[in-house]
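Next, two complexes with subunit A in common: one pairs it with subunit B, the other with subunit C.
This part shows the complex of A and B:
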């Protein structure tokens, strides 16, 4: 199930000025086409509005919205929110006539918390004066990373002289470089990710907000937020599920779900420690071009 | 209470202004003039910068390496031109574009010169234009590359190198798929008249004297235009022409873009054929900057559409001209760098999503990397003209004060003569009333003079056609007829004060102070209005007219009268034109002696006169209109002033 919601306001890949149509590369050497076959833009052009963004986050969409445009998350979901564009002190530009303010964003996260729509959020923002966007957050379990402090500009990394534009920003470039090396089994921690762009590389100072986050970033895996890594526990035993009836009495259901020979074993199984299987080696199957 | 609302403090301010008004006016003028001239100094102006970040100039790597192709086109063109030296090889240009696979069309137009130059003949012309469609865009916007065609026998700088370059660029551009706008290549005949005809047909507007069919091929709305005037296949530097119709200038970002890309490709950048000074902070550097700024103002003031780009500005299309020059001793480059320059400019223009709107539209350039914005040049200009307004205020105050003084002396007389009885009182009251009436009549009495001067202005505006008709039975050439006709009109206008003296009685003649006050205010109004659009014209007029007009007063002393009259004559529109032509001759040609200079200038004076009238009817330039209806009546009012007597 694709739980990536992509909102892109400008169509860069199919812009007539792009000499490589339908391809967007991460750097001037054109190594990775980041606009590959598995990219699906859910909100495009004029659909990328502050209203739509907050509706997606809070889940208050009209019933006719297709599932691919909804954020189907619950209270156990870890959500990664990545925002980039033109920004300033306390706002991020959406369209030429619209901006989202840091207060609106904080309220949207609070709504999500009240509706139990997330377990933890990693909020990454790459704009000028990005830090201002997470300063107003007040909901728990949010870790904020910003590419620049208030009063600083985030800078671009380099020019692609075949197109004649700056193709990637510094923070995103180094973050992407780090994340390209992360596999689903990787034990890299979030604190390593937070150090990814020192001032010598980024020129602006990367800001981090950890006070709302309850776990220690040194103990949080990067794969908790990236790669849609799910921990699977394989069980060699079958579990028979019978119809529980209308009573809903838990003791009665217990008696009925385990048969005579499996009930005793079940207790034994519960005392064994759980282990997760290795992750599927997905990186060996990913197409790079 | 505030300074100006408190009547006593206001009275003191006004009183001090009136007492010292001569000094203040002189100071204002001198300060304004020197401040304006000082703006060319590096410390007082700003460096040019890019306001439109979307341009991203020079970031893209050029892919043009078609030098040999361009040389091929150039040699083919030269052989084609030598077949018939006087006509435009329309068919050949048409075929070249056709071979490239572009949509090419021939635009036929005819025009008639105003003032019956060449009689009633409709002169035909042909433009060739080709449209390169953007392969992946919707043809909503377009860019224009234009070359004015000139024959090999022309006296102006040739443009054949530019034509070969245009064909090469057309070939290069059509091979790429990254264009978001259509590119239209236009070759015009008859210089900017052909360009105006094409633009009229493109935008479906109508001109009085230029007529053409509607265009067969159309692109989107034009965002920017570049005019190329490159003489040969080797040049060392690019000169830029910015001034357009009515003194309008293109957006400064377009100029910055063109300068940056030209420099990047190794060309020297010139402005008005002047290099940028190496040491602008020194006095010599300042003088060089001042010279460049002065030359730019000299070109901007007449408000003529100097090149093809001048007519684009009217349609809110930013355009300028690149003139290729081969300077002695400088390294000349060929079509490679030239092509990369044009390609770089067009790729940057391609990046734009909006029309040019960020940078300045009103500016003066002391060099290619410094500019004087409207916010910097308006204050000194305003101070210069403020002198005349202060004088007007002083005149008004002194005018009303004399009346009041008269009233107060009458009052005193009344008090001292109370013994004489009521009849005397009644007499005095009547005198008092009469004087008040005189004061009231004073302002209205100015109106007949202003009305007559305005009539003269109207006459001057509508007379050229009349003079041409008058000159035909006398077998006078149009230019001569107009020239001598205008001279006749001017001389007849000089006789106006004599007629005024005869027709207006003592009572109905206005107080000279009132007339001067009103005339100065009108002058200030006209000068400020001109300054909004064409600062150069306003500056030159203010610089000569303000000091002379402010210092005029009628006097009974014969010598003083003659002195005033001669100064005023020197700044009359007609003589001012003559002096301008003399100055121009001195700047552009080396003349042997003073006598031949004066005679030649008299002959050459016909050119700007005729050009002003022709352009006003053909292209809609308003310089001639403003001089006739704004400056000339005002000057004539001052002329009446000095002869009217106190």
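This part shows the complex of A and C:
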């Protein structure tokens, strides 16, 4: 269980047209498998709806939802929200069926703020006219990064001729390249991350919104949002405990474990070799024929 | 031929007019209200004004301090002066944000029984035990200070203050003069205000739970998990080389003996569930540095933050919604043994452990390497007592128990539960205030949200939960004022459970895609085709009536 909630349509990795089944790569040279062993998709297919997204953000999930599908954040959590897909001026498309508007998104963040569900949010959005999605935000401590301004389109990076589709968008490609070089001990700052895709590489202009963010991006480490680096404290205290009546206390029957001698009996029973049940004598029937 | 009324053109016109009016009448008088009523969202009425009142109300928390004087020689006037001085010292800035802490003092002479006990006692622990036995009621939140006249037997000279196991403090006063009495005031004030009641920390918690933002980060307030009716504790043993060391731990006995008293003490206030597991072949991913002087491997504090994340996925998820505290025991691999944590001065820390706020703690447990010709894997046992001593201290810190140090005083050691009763009182008061502030803020923002967005359906059970929460908050305010800490805590627990349930109810989602302007787009194609003919006929009807009037006049 990790603190990542992934909502994707998830129809590509096992798509019959994918020549490399169960693998999704970040570029045509198949450098990084972004659908590896430790990727856990929490919401897939029909579960990726605007309603579920708002429910995850605000915490209004039905009581039967498992922990891994909940956003368990509190007032000291830094949250990274990354959204990508087709979008337009003031909306983002979900699964070709519905849209989330920038006002709904702003209201969702405000409800999170009211309930102290975040300390700071880094909101990255990679769609066409992405800037419109963060323009309506009004809650404090949010830093918004968009791959394109209103009126501009975000473009894809390159096509993988083996599959026949564009595999990655420009902003995401360069952002991923930057982040792959960041280690948990790295001292790179957010202002370096915000400069990641200049117009020469991205063709669209990257938009940044810092007025709601209280700290200076030049002083904020990238690892504050990426890499899950925790605060630790040395704990020098102990509580003195009394261990009276120790020797006779734990009877051998209490223990689940066994010493080398008494285990021998148990082991003999457990070491009985496993074998298959006698199979149905098909050959005899076949021979008769 | 008689012209029947029925066939005249005027009769036709009048029937037309009256039927048009009838239709219009039905539409307006019956149809419009029916449509309005049936398309309205069901909203139970919530006590909005009561919630606003609660948010603006000041919380008053009372603390009872009793001072018992054993020495009858002290002058009554001196005593009252001392009382006044103490009262003045304890008052003062007690919170700015709607929290007021009132100290109620009581100054009395010692009873006969207490004098007898004082004569009988051999040392302070005895005195503490016997005096507590006299007390019949469990008194949360009431602190007693016993001022003992010059007594070398009990106070052999190391320190003049002894803090007992429960809620008593024993002070040594060498002479009955007023100066000596007054000298006690600056000793009593920090003990009461900063240690037992920690006014500053309570104010800070209250403010941040109410929603105020603090720019400075405060270690103590960030460390403890949020208040919750239950907590989960998981003990994990990480053994990266089970083929070399077969590490056994009698965790069942360890928990029963060392942790169970703690859990039982808190049972009426919070339920703690304990689980344990062993993980094999899981290493902590780091490269420790080698200290050539003593052949030790060490980690400094900067290396520690990266240890937890790689193993967190392997620690397993659990099912309940309570916050989980993980306590991990790691047996270093043979090529990295013995492994120590060095502090800033390059000394190994005493406990060889660290904790992560709101997550749990990690203990590096060094095991001796097996000898040359023992059969592998060698059996080793984890020292349960040492492990539990470290983890219990960490658990206390993570749950929010105070880390108060008394530099000038001797403090009694706690029993196996690890909690001193005044620590428990502090914790109850701290959690109660946090619960109250948090549930008031939740209700306030819920009320604001529901008033702002008219489209949200409010069900009956949400109304019930909000009502219940509001009643419990009221009750809690009264109980805090009366210093009935235990009942106040329980009622604040009810309040926060109810308010969280109401706020996070899954049904409170705005009806998406139904904003006001889109309502027009839905209703116009339905009503416009009908309303235009009706409207036109009403106009014709009015013209007809005006025509009739004109005729009558002519």
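Keep this in mind: the second predicted complex is superposed on the first by the 232 of 289 C-alpha atoms of A that agree within 3 Å, B and C clash if a C-alpha of one lies under 4 Å from a C-alpha of the other, contacts with A are read in each partner's own complex, and residues count from 1 in each chain.
Operating definition for what follows: a residue touches a chain if its C-beta (ideal position, glycine included) is under 8 Å from a C-beta of that chain, and two chains touch if they have at least 3 such contacts.
None of the values given here were measured: they were computed from a predicted structure.
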Exercise for the section: Please indicate which partner A:283 is in contact with in the superposed arrangement: first for subunit B, second for subunit C, both, or neither. Expected result: neither
Practice task
Using the superposition on chain A described above, determine whether A:224 touches subunit B (first), subunit C (second), both, or neither.
Solution key: neither
Practice task
Figure out whether A:21 sits in contact with subunit B (first) or subunit C (second), or with both, or with neither.
Solution key: first
Exercise for the section: With the two complexes superposed on chain A, say which partner A:161 touches: subunit B (first), subunit C (second), both, or neither. Expected result: first
Practice task
Go through the superposed model and pick first if A:185 touches only subunit B, second if only subunit C, both, or neither.
Solution key: second
Exercise for the section: State whether subunit B or subunit C is in contact with more residues of subunit A in the superposed arrangement. Expected result: C
Practice task
Give one of first, second, both or neither to describe whether A:153 is in contact with subunit B, with subunit C, with both, or with none.
Solution key: neither
Practice task
Have a look at where A:30 lands relative to subunit B and subunit C in the superposition and call it first, second, both or neither.
Solution key: neither
Problem - Touching both subunit C and subunit B, counted on subunit A across the two superposed complexes - result: none
Exercise for the section: Over in the complex, which subunit A residues touch subunit B? Could you list them? Expected result: 14-19, 21, 159, 161-166
Completion exercise
The subunit A residues in contact with subunit C across the complex are 1-2, 38, 50-51, 54-55, 59-63, 66-68, 74-76, 98, 104, 107, 111, 114-116, 140, 184-185, 214, 227-243, 249-250, 254-257, 259-260
Handout entry: Footprint of subunit A on subunit B - complex, ascending
Key = 56, 59-61, 134-137, 176-180, 347-348, 350-351
Fill in the blank from the handout: In their shared complex, subunit A is touched by residues of subunit C numbered 208, 211, 213, 215, 219, 222-223, 226, 248, 250, 252-253, 257-258, 301, 304-306, 308-309, 312-313, 315-319, 321, 341, 343, 349-351, 353-359, 361, 379, 385, 388-390, 392-394, 396-397, 403, 413-416, 418, 442, 445, 448-449, 503-506, 508-510, 512-513
